[in-house]
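In what follows, a single structure is set out as structure tokens and then discussed.
In order of appearance the chains are A, B, C, D, E, F, G, H, I, J, K and L, and numbering begins at 1 in each one.
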Amino acid sequence: MKDHVYKIVEIVGTSSEGIEQAIQAGLTRARKSIRKIRWFEVTGTRGFVENDDVIQYQVTMKVGFTLDE
Amino acid sequence: MKDHVYKIVEIVGTSSEGIEQAIQAGLTRARKSIRKIRWFEVTGTRGFVENDDVIQYQVTMKVGFTLDE
Amino acid sequence: MKDHVYKIVEIVGTSSEGIEQAIQAGLTRARKSIRKIRWFEVTGTRGFVENDDVIQYQVTMKVGFTLDE
Amino acid sequence: MKDHVYKIVEIVGTSSEGIEQAIQAGLTRARKSIRKIRWFEVTGTRGFVENDDVIQYQVTMKVGFTLDE
Amino acid sequence: MKDHVYKIVEIVGTSSEGIEQAIQAGLTRARKSIRKIRWFEVTGTRGFVENDDVIQYQVTMKVGFTLDE
Amino acid sequence: MKDHVYKIVEIVGTSSEGIEQAIQAGLTRARKSIRKIRWFEVTGTRGFVENDDVIQYQVTMKVGFTLDE
Amino acid sequence: MKDHVYKIVEIVGTSSEGIEQAIQAGLTRARKSIRKIRWFEVTGTRGFVENDDVIQYQVTMKVGFTLDE
Amino acid sequence: MKDHVYKIVEIVGTSSEGIEQAIQAGLTRARKSIRKIRWFEVTGTRGFVENDDVIQYQVTMKVGFTLDE
Amino acid sequence: MKDHVYKIVEIVGTSSEGIEQAIQAGLTRARKSIRKIRWFEVTGTRGFVENDDVIQYQVTMKVGFTLDE
Amino acid sequence: MKDHVYKIVEIVGTSSEGIEQAIQAGLTRARKSIRKIRWFEVTGTRGFVENDDVIQYQVTMKVGFTLDE
Amino acid sequence: MKDHVYKIVEIVGTSSEGIEQAIQAGLTRARKSIRKIRWFEVTGTRGFVENDDVIQYQVTMKVGFTLDE
Amino acid sequence: MKDHVYKIVEIVGTSSEGIEQAIQAGLTRARKSIRKIRWFEVTGTRGFVENDDVIQYQVTMKVGFTLDE
């Protein structure tokens, strides 16, 4: 097993549809600047409610990726 | 930015369908007695299992709303 | 299984006799304003000491109850 | 020492001036509907930043008060 | 109410489809060796990302079941 | 001091009488299948309330025991 | 209200009888070297099991007392 | 509500004057490289003491900002 | 860098004026019996409220100092 | 990526030599009854001290392994 | 004492040899892109096990460094 | 089993060599003023980095010892 070093960044993905969609939205954006994403870990699930009926899911997550040598 | 004061209450929404549906069920009930809900935060995700195959998702969440002045 | 919504409130029951008595005192008082209490969860156990020999147990607990539909 | 029962509610006080002012704002509002407040405990300190230079401190706190017998 | 004793085991269910599917996959496998499952509690939600676009949801959960007398 | 390896399992003992009785009930049941129990650690104290006056204490605890070599 | 400064020390009280007795044993011993104890807070409840049937409750607690000026 | 993705970075602001000044110092420096800061959350408050009378407040905080699309 | 050993004690500083003043009050008292204080870390911020308008801030903090060799 | 289900058990490895040796001792014993161990996570590092100079490192860890289908 | 601002990043260092080696590997890699590293804090110790006998230690740590003015 | 009362103090041991050496350094210093040390528990592992290549491990630990009767 290769001894890589990984970096972990924290992002918040959002979606009006659901928790998985918020995770996907966050990862899709993260890929624009991070290569070699390997895992994520959800650290918080929140949401905004407006006019008592619109919900936006907000999933905070740590995203781990391999650092180039 | 207006200096509001917010109150946070804790509820458990339940649904046999999924986690988002349990969140929605909790918020729908909360709206009956709380106006001006602004956000929620999931603090626990549990479920009951009966006869080894029926599942009820139970999502504990904090719900924040604006207090009238 | 019925999809109820539950509310959770936090109280502190106190007693000079013991931990269970402090829990009971808290629940007895809570019943005056809350119907359909279903469960409790202890979140802290403290006590006051006066003149180095009197102790009052103080049990912080979350109390969950069914919301009417 | 009298065996009171206490209730704990969670509020968010806000202020553009500072952390103590946000605590005070929260307690001032809480007093409108709660009598006999006895203590508070800060559980979170956040803030909003707008246009990169305005800050609103937001202090989440638990507020404990004596329940009448 | 009968005074049962319960045991809690920790498992990780996985699914490429979503969080609820990962929970279900974990419970389906757990039933093969555990009878009388009563509840579960999610303790972690992670995921693996491969080639920057495949995700496998991994839900860690505690599963509680009744011990026979 | 001998270098043993220990295993830790999590159980929930219940009793309508009190917290210590719930701990004892859990340990009594655990002894049926585990030899050489060495310690326990309480990780949660809950209870069920039915008809507003019956309480069953539920103590979640980790139980450690020596593994045979 | 006088602006005292308090110190907090951590002790473990033990008893074969129960949790309250372990707390009392810890406080009784603490009083030998500490004057003006004001409060305690339980931070852990453990126990030792020997020969599968003897239990010693061990309650870890923080003990707060007033520092003389 | 627009589905933004946010990034969270962790910084430590310091000041010899007070906690709010340490927060402000941290945010002022963060603005040099981060645009569109939206919120912060205090995760730790420490301080250094030298020669028994100089204090430097050190506030660790998470800072959230909007990622450009 | 010299390999010192440090000791950490926990105190509660109080002040009716504010959080920094409560920290200072705690450190001022601690210096009477502890030499070579190096750092502190806030572990809790509470307050007492009397007659609905007097507040005493109570800051619990760990204080670290160098042990003489 | 195959959708496995994993089980997690908690053990305590001990060694008078060091932390890594305690981890290894725990894993070596675990392999006797568990096949397909995949990962471990340290959840606590303790030690016993006897006669003021003998130390036994005790590392509590969660051990994850693949469940057969 | 100069009022610096520090940034904290999270990395995972890995090594097949031991925990300190994993920390060192993480810091060695971090130095390639970060100047003025001042401290680290271990936030997790895990490991991978393959074929039941190869172990790779994985140490998650926060790394703090001074931001240039 | 004798019903002792134990006290727990918190220290930080440091060493440029490794984690176990930092633990040993802390215990060696603690023995100068504490008799009958029975156990320790690591609560934090940090380190200082100077000139990008000198590391001092700093292990925060709780040390428990028997109080004389």
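Everything below uses one rule, namely that a residue touches a chain if its C-beta (ideal position, glycine included) is under 8 Å from a C-beta of that chain, and two chains touch if they have at least 3 such contacts.
Note that this is a predicted model, so its numbers are computed, not measured.
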| item | value |
| --- | --- |
| Target subunit I, source subunit D, minimum contact steps | 1 |
| Repeat of interface D-I, chosen from B-D, E-F or A-E - more than half of residue-number contact pairs shared | A-E |
| Whole-Å gap separating subunit A and subunit H, where each centre is the average of the chain's CA atoms | 22 |
| Averaged-CA centre spacing for the pair subunit B and subunit A, given as whole angstrom | 22 |
| Whole-Å gap separating subunit A and subunit F, where each centre is the average of the chain's CA atoms | 38 |
| Residues of subunit G whose C-beta touches two or more other chains | 9-10, 19, 48, 50 |
| Which chain pairs touch, all of them | A-B, A-E, A-H, A-K, B-C, B-D, B-E, C-D, C-F, C-G, D-H, D-I, E-F, E-J, F-G, F-J, G-I, G-L, H-I, H-K, I-L, J-K, J-L, K-L |
| Footprint of subunit L on subunit J - complex, ascending | 18-19, 44-50, 52, 55, 57 |
| Subunit K residues touching subunit A - in the complex, by the definition given at the top | 9-16, 25-26, 29-30, 48, 50, 54, 56, 60 |
| Contact footprint of subunit K on subunit A as seen in their complex | 1, 3-10, 62, 64, 67, 69 |
| Complex contact set, residues of subunit I against subunit H | 19-20, 23-24, 27, 31, 35-42 |
